[in-house]
Amino acid sequence: MATTLDRPSSDNAIFAAMEPHDSGNFANNNTPLIRNCWYAAARTHEIDRTPLARKFLGVDVVLYRTEGGEPVAMRNRCPHRSFPLARGTLVGDRLVCGYHGMEFGADGACAHLPAMGHAPATASVRTFPIVDRGPLAWIWMGAPDLANEALIPDTHWLSDPAWGTVSGDFHILCDYVSMHENLIDQTHFPFLHPDTVGTPEYARSKLTASTENGQVVIRRELRDAPPPGVYGKPANIMHKKVDRTSEARFVSPALHTAYARVAVGDPDPGEPGLYRYNITHVFTPETNNSIHYWWFNSRDYRPGDAAIDRFMLEAHTQAYSEDVEALQWINEVVRTDGEEQFDLSFAPDKPGLMARRIMHRLAMAEAG
Amino acid sequence: MATTLDRPSSDNAIFAAMEPHDSGNFANNNTPLIRNCWYAAARTHEIDRTPLARKFLGVDVVLYRTEGGEPVAMRNRCPHRSFPLARGTLVGDRLVCGYHGMEFGADGACAHLPAMGHAPATASVRTFPIVDRGPLAWIWMGAPDLANEALIPDTHWLSDPAWGTVSGDFHILCDYVSMHENLIDQTHFPFLHPDTVGTPEYARSKLTASTENGQVVIRRELRDAPPPGVYGKPANIMHKKVDRTSEARFVSPALHTAYARVAVGDPDPGEPGLYRYNITHVFTPETNNSIHYWWFNSRDYRPGDAAIDRFMLEAHTQAYSEDVEALQWINEVVRTDGEEQFDLSFAPDKPGLMARRIMHRLAMAEAG
Amino acid sequence: MATTLDRPSSDNAIFAAMEPHDSGNFANNNTPLIRNCWYAAARTHEIDRTPLARKFLGVDVVLYRTEGGEPVAMRNRCPHRSFPLARGTLVGDRLVCGYHGMEFGADGACAHLPAMGHAPATASVRTFPIVDRGPLAWIWMGAPDLANEALIPDTHWLSDPAWGTVSGDFHILCDYVSMHENLIDQTHFPFLHPDTVGTPEYARSKLTASTENGQVVIRRELRDAPPPGVYGKPANIMHKKVDRTSEARFVSPALHTAYARVAVGDPDPGEPGLYRYNITHVFTPETNNSIHYWWFNSRDYRPGDAAIDRFMLEAHTQAYSEDVEALQWINEVVRTDGEEQFDLSFAPDKPGLMARRIMHRLAMAEAG
């Protein structure tokens, strides 16, 4: 099911172009959060021998690492008197509550209750599956029997030494639905990001949108055009005409990936004919109206080049800061404006609506 | 229906003196806000080519001025993805959304949606009638078909060069009902404003209260008495005995006006025999518990006299600051005290209750 | 009904050891606050000729002292227009509202309403019984006909010159139920207070718990052991072995008392054979999730010794600060964690649960 969305001649609202009776079936900031999903919890290096408190899907969680190096995630709330376990101390692989000294192993079972001299048989704190994958640890907050590590999304390029990656993070006061819609929607580039990624040629280029196995994919091709500065400058190809293929993909509620492939027909001697860029957006709802966000920009040439790293970090930090600001402004309006609004949508919004419809279905299936 | 309220001999609660079964039919901070009313939105000079965000009756509004100088008011929320339009840019007479570049004309219709290459036929943002009148622009947040410019209240003296006017403003964390009651109630003068307007003679003077066409009017006369400093000092008549006539009027939910006429029987040579003062209190609910407030003090002599202006500005800023402080304290008590209270009322409260009853009726008529 | 709780061999949850079907009948931070109880309102010296605003059980109260020295407590809200009376002025024994000058006597009756020239017959502000007892004034916020001064709990040692007392206070963002449970539970000492009162010998000592006339009492005896620093150092008996008897008592929702008796079998010449310490914990709910807290540590030797006072003040301020910090962390978790939790309890929790069950019964009896 691929649809060409480039410069539609009709101005019918998008609803007419999609399945009938579909309006309203799009996730928004009030939709229950999707729990059966692998979400990023932290950068792996953040999880160490000092307990770290962080909230995911509204639940307080404490993260630490065993002496053997395994990440552990458990509720940040002693099952006895609700003391936040992250305020306790780590002794060997056990987290010791700072109030009454209850000791919990990495499996969450209470191993010792000092006031009793032994461990009560039934006491335990809920743990969450958590797995290191490259630069991030991924956590499963949903039904325990559905946790399947094979479902952790592939981001192998983030730890491939052939790729040079720069990265940053934000805590954003917005909902994860708006963030997904922002990422798969590139029609905002010329307006929100006029100084970085928003070239007019790109906004007008041909686009196809499709759903593939519960993912939403949009693809563009742009032939024989000047490269955008953000890709052309670090590769030193601003004087060339290039063919550019790009993809953006709603992978899961936790992940959006994108790539750009820039082909140079007449590379200078010794230079590549193809430059590849992977962009990885990872985010996890803290609450319905706040997210933890990590971004990664990877390139397949000159890894470790400090000047290129600096350029990429600055350019993307600026662009993503613009998104963060806009999403926070919108979230504040949605939460505080005294009059409800059902947002209008148009044909170019179809990719975002496809993702929001998938999120709505996932959320309703869990709630139902 | 005029009632003399001066020093009543009975201490029956006011309810008995009014229509039976009336208790409870007085607006308070929980009453739905009255929408079908012209409210002040801003000083005219605040509305310019930089979009201005302000909330009225709980609704986020953006204000700007066209190239031709006409004021425009529209919801500060793009109908597409709720971006606050005040964060966008003004191009000609169109406000351009900062997210996807949707362009809205002064009539609210979408004139262009860049991602579609043209404007969707049905897209628009709600606009609100807004009209310049002297120093203020007045907005209509209610039912559009009821907006009638002839209903904008008369405040022509504010732009009459024969009158010298000083002015100030406050953002107050209180409800507009309490503000109205405060303004029409002068029995608080000796206690809240002992150093400015609160003379004992005035508090004891004869008062009549009446309703006239949905307005509440109180009038006082005080003969052959020393003038209060706030009126006598700027006119340089503190050595005279004067006759003083004054009126306070609940004009509408948006406006309270008052005047004082100070007559000198034996004016000094070349000096006037009558000094006139108009006081104009304009305020607009931001929410149920906060208001935008603008005040004006006008005199019919020596307009532009800097020393008198300074005196009037300082004296009234002090007095109104005392009202602001008291109203905020009360609002905080009302919102946070753990025990409900139905305030008692007494005969001298009748003018305030008359205004609150009118506001209650207006609000219920809109809600019903 | 006394139960030995020392190192129980069974790990059954405490519920099994108590009355059947009892789970859930324990007060927590959502239980309605108990009103029919004498609570501390303030230190007596805080109540003077400057009106003092303070909230008890969610109700705004103003405290002042008459010219004759009697404490007065009334709602901090004028019955006329809700002005906070603490912002008014005290004239003789009358509190004068700062808005319209209504005057309220120490009995709460309106003695004068200036705008009427006399007092309305029915107007009054609710007063609360309040009584000075030693360093504290005690207030009754409950049903007026149940106020009985004979029920004010005995704390006579706080004003006995034979005892040397140090004292401090905290405003704590926690519920009073957790505070009671914290005080009667000494199994947290080694973990929350490792540097002060938390000796391992003490935590392992024999303990009996009982209920006596609606109070919960736990007692411990420890024979021929080194004294803890907090009691041994100020008495200069760290080189001795001592017998130690201690008690902790849930007296009422407003009060927890404790004592320690330290006996030296072979006192040095001229030194006492017995050292007595009384600890008095007084606290009052401000709201369901905040309390006013005053603590007192009294000893029956060397009253007024500045060095001992300083030592006792520092040691106890540190220990109680640890409690305050823990209770605030817990309260924050309980209020903000997105997943409910029914705390597990174990045999050593029995004293705290006994107190919480009493509080639950008192609250339900008032509500029912």
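For the reader, a short list of remarks on this structure follows.
Think of it as A, B and C in the order they're written, each chain with its own count starting at 1.
To be clear about the criterion, a residue touches a chain if its C-beta (ideal position, glycine included) is under 8 Å from a C-beta of that chain, and two chains touch if they have at least 3 such contacts.
Predicted, not measured: the structure shown is a model, and the values here were computed from it.
Shared numbers divided by all numbers used gives the overlap of an interface; between subunit A and subunit B this overlap falls below half, so the copies present different residues. If you lay the C-alpha trace of subunit A over that of subunit C, the rotation comes to 120 degrees, to the nearest 5.
Centroid to centroid, with C-alpha atoms defining each point, subunit A and subunit B lie 49 Å apart.
For subunit B, residues touching at least two other chains: there are none. Residues of subunit B touching subunit A in their complex: 55, 57-60, 75-77, 79-84, 87, 96-101, 113-123, 287.
Listed in rising order, the residues of subunit A touching subunit B in the complex are 7-8, 11, 13, 178, 181, 185, 187-188, 190-192, 203, 326, 329-330, 332-334, 336-339, 341, 343-349.
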